[in-house]
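In what follows, chain A forms one complex with chain B and a second complex with chain C.
Here is the complex of A and B:
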């Protein structure tokens, strides 16, 4: 029983996905509106079970050993389960408004959301490269399918194709890295690989190649520059709820995998040192990611594409937190976890506001589409502004504390230059986030130009309200969730 | 008995061929095949390395999982290629260029 209980977040989402698939098959056409509600309820149940397991505590459950080494259910996993369910619920709510509005209402979207989330949760719990691989494929296959969901649109197909090809290529690189690690150490469980790497001392060429392949594969998945080429295209081509899902859940799943693999397999002194390990490579990639993404984001005409580049830039800030793990894994990981929580609610809210601002045939795509919306539809503009302020990292929103803790982790670890670069980058970020607000509040649409009209949907309103409340709450009283992040990060010791 | 190193070399060669094919060719179907070659290289490597560990069959079991999961992945990939072909009448990745900066 205890075993089923500590696995319950994962089981609830998986079983819920299968039930929803049955419900979709037997539902009468035209009566599928309830599916979005069903999916949201399942995500909410998954979230509630994660909180329940968290309160109960997993350390003293002896059955946990039965899952080892395949699955590791610890506080790190449970924290991610909660964040992933939250992101999934927001995406499902947004889909509930978006899909009927744009005549894409097909039930498999929600089912795919649920199954992809199971994959992401497996990544957070992975204790073996086999589970990493299975979780990654489960998550990615769902994400490819929802990207290609608008079947009549060439843009949707093109975005999905680029996503699929580069995603499969990255998976192949990652797997070859795992195969070489297996050859070098004789282990497929992450802890065993970590032990062998620690004992091995001097790195063999095979080990170095394996480390490089694994790193490149992981960075592809979290869309760090220069492995980000697929991101803007996939984000722009996909239906916006799918983009929300990719920006929130898939990115969180990618970072869960990155932290698990890097800190368990390559968490020894030598691999974590500045002279002979991965931190300098990641630090440079973080710098390039933030800088390139922020500079390119400022030049975009499409708001959706700007938000795609902004999500790449946020991957850069998160990598700063990962680099900070070099000196203090617990502080670095906790800052990354908290940042992911704040980023999930802010980015889901921002995409949600973009969905809210447009209705069928009158979608909000470019900056000009949003001109004057502050006067015509104050609630839409107000919500959008709140999420943009949070993404920019200004107080009193969630994004401010997210950045604050990541930067502080970097400073405490002595990465002053890296922190300065990250700070300057977030200043550049403010420019293009505020540009949206300038258009919303200070411009009027040109005469005869198509005007975006906000949609009417209880689902989208609910999603916006939920993320707005969380953005403000996390921005005013971050203590409790930060304590949870710190507790979750203590899994990695030190 | 053929030494393990030979198999590892074979898998490295296969992986390189697949990687080059992925980067050079512009026909999406050929690109998909290149990815498959890379994944087969992974399989060969896992099974070959299992020779050093006769006490467990982890590498070989990994091979089965890999084959199954890849079949699922390619099914989705081919569906995406088909839907691109239906709307654009092309399977070349350089002609899919609607999304740009």
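Here is the complex of A and C:
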């Protein structure tokens, strides 16, 4: 019983996915509007169970050992379960408005969201490279399928194919890295690999090559430059709720995997040192990711593509937090966890606002489409502005504290140059986020130009309200969720 | 194990390895798709042979049934359905880049492998792994591990299979109309909007290009007319 309890977030989502599939199969055609509500309720139940398990505490459940070494259920896992369910719920709500509006309403979308989230939860709980791979593939295949959901659109098909081919390639590299790790250490469980790496002392070339291959595979999933080539096309081609899901849940799952694998397998002193370990490589990739993504994002004419590049830039900020784990893993990890929470609500809100600003045939895609929305439809523009301010990292929103804690962790670890680069980059970010607001409030559409008309959908409104409340709450009273992030990060020790 | 057996085992491995690499190369370079599929088949058979040498009989059988028996056959069916004319016109674009990429990647891979082989301590000296049980690789041993030690990943792999099936259905059904459109087309008054297909222009270079073919067909026709 206790075993089912600590696994309940994962089990609820998986069982809910199967129930939803049955409901879809037996629903009368044309009366499938409730599926979005059902999916949202399942995600909400998963969230509630995560909170319940968190309150009860997982440390004192002896049945935890029965899952070893495959699954590690600790506070880190439970925190991620909650964040993933939150992101999934927001994506399902947005899909409930978007899919019927754009005549894509098919029940598979929600089932795929649920099962891909199961994969992401496996990644957060993984204690063995086998589970890492299973979770990664479950999450990725779901993401490929929802990217290709609008198959009649060549852009959607192109994005999905790019994502699929490059994703398969990256998964193969990751698997190759795992195989070399097994060859070098004789273990497939992450803790065993970590022990062997620690004992190994000096690094053999085999271990270094394995580390490089694993890093490439991991960084691909979080779309860090130079492994980001698929991101803009996949994000732009996918239906916007699928983009939301990729930006929120898939990215969080990727970072859960990154933290687990790096800090468990390569968490010893030698691997975490600046001279012989992974931190310098990650630091450089963080710098390149932030700079390239922010510079390119500023040149985009499509708001959706701009948001795609912005999600790459946010992966760069998150990597700064991962690099900060070098000196104090708990502080670095807690800053990454809190940032992921704030980023999930902000980015889901921003994509949601983009969905809300357009309706069928009058979709908001470019900056020009948004011209004058502030005057014509004040609530839509207000919501969009709030989420953009949060993504830019300005107070009093969630994004401010997210960036604050990541930069703080980097400074406390002595990475002054890295922090300065990250700060300058967030200033560049403010430019293109504010540009959207300039168009919404200070421009008028050219005569005769197509204008975007906001859609009417209770689902999208609910998603926007929920994320707006969370963005403001996390921006004013971040204490409690930050405490939770710190507690979750403590599983990686001092 | 005496030295003759060892030498025989070595020879067997090298034959299988050479066949696998040869099959892989012919899969990639063959112009004729059937030849590619046959190269793939050769590689799969050779790898099954290597599994046999490692006492993984069950894995070898699965490799033959699933890959050689199902996947290659599926490939050949698709090739036959498409017909011999389905080969795409030879695309010269980016050939230099592609070749350079393949050479760099191959060189890096070979360099990495030779580095590993030269510096890694022989596994026999280190004895990383315990002795394999006597029934290692048999169906019984495999099944026992699958349902006892490895029960958790076994159960979790059902989620992977599920998501793959639903994903395939979702993508395959993408051509069908949604409920809403079917309902609307049933009423003759409302006309479905024309599907305009935009060329997949690179937005980096072409700012302002339409992003959503469903919505902006009119916009692109205007652009086309003005240029």
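The criterion applied here is as follows: the second predicted complex is superposed on the first by the 494 of 494 C-alpha atoms of A that agree within 3 Å, B and C clash if a C-alpha of one lies under 4 Å from a C-alpha of the other, contacts with A are read in each partner's own complex, and residues count from 1 in each chain.
Criterion: contacts are C-beta pairs under 8 Å (C-beta built on N, C-alpha and C of every residue); 3 or more make two chains touch, one makes a residue touch a chain.
Everything quoted here is computed from the prediction, not taken from an experiment.
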- [ ] Tell me which partner A:146 touches in the superposition: chain B (first), chain C (second), both or neither.
- [x] second
Task: Partner, of chain C and chain B, that touches more residues belonging to chain A - done: C
TODO: Examine A:365 and indicate which partner it touches, taking first as chain B and second as chain C; both and neither are also allowed.
DONE: second
Open item on the list: If we overlay the two complexes on their shared chain A, which of chain B and chain C does A:296 touch? Say first, second, both or neither.
Closed with: both
Open item on the list: I'd like to know which partner A:155 touches here: chain B for first, chain C for second, both or neither.
Closed with: both
Task: Partner chain in contact with A:430 - chain B first, chain C second, else both or neither - done: neither
- [ ] Identify the partner contact of A:71: answer first if only chain B is touched, second if only chain C is, both if each is, neither if none is.
- [x] second
Open item on the list: Touch test for A:169: chain B only (first), chain C only (second), both, or neither?
Closed with: first
Open item on the list: Going by the contact rule set out at the top, does A:204 touch chain B (first), chain C (second), both, or neither?
Closed with: second
Open item on the list: Just checking: does A:14 make contact with chain B only, chain C only, both, or neither of them? Give me first, second, both or neither.
Closed with: second
TODO: Touching chain B in one complex and chain C in the other: list those residues of chain A.
DONE: 130, 134, 137, 141, 144-145, 148, 151-155, 158, 160, 180, 183, 186, 232, 236, 296, 299-300, 305
Open item on the list: Looking at the complex, which residues from chain B come into contact with chain A?
Closed with: 8, 11, 15, 18, 22, 28, 31-32, 35, 38-39, 41-42, 45-46, 48-49, 52-53, 58-59, 61-62, 65-66, 69, 72-73, 76-77, 79-81, 83-84, 86-88, 93, 96-99, 101
Task: Residues on chain A engaged by chain B in the complex (per definition of touch) - done: 129-130, 133-134, 137, 140-141, 144-145, 148, 151-155, 157-162, 164-165, 168-169, 171-173, 175-176, 178-180, 182-183, 186, 188, 232-233, 236-237, 296, 299-300, 305
Task: Residue ranges of chain C in contact with chain A within the complex - done: 112, 115-116, 119-121, 123, 128-129, 150, 152-153, 156-157, 159-160, 162-164, 166-171, 173-175, 177-183, 193, 195, 197-198, 200, 203-204, 207-216, 218-219
Task: Contacting residues of chain A [partner chain C, same complex] - done: 14, 17-18, 21, 29-30, 32, 67, 70-71, 99-100, 102-106, 108-109, 111-112, 115-116, 118-119, 122, 128, 130-131, 134-135, 137-138, 141-142, 144-146, 148-155, 158, 160, 180, 183-186, 204-206, 209, 232, 236, 296, 299-302, 304-305, 358, 360-363, 365-366, 368, 450
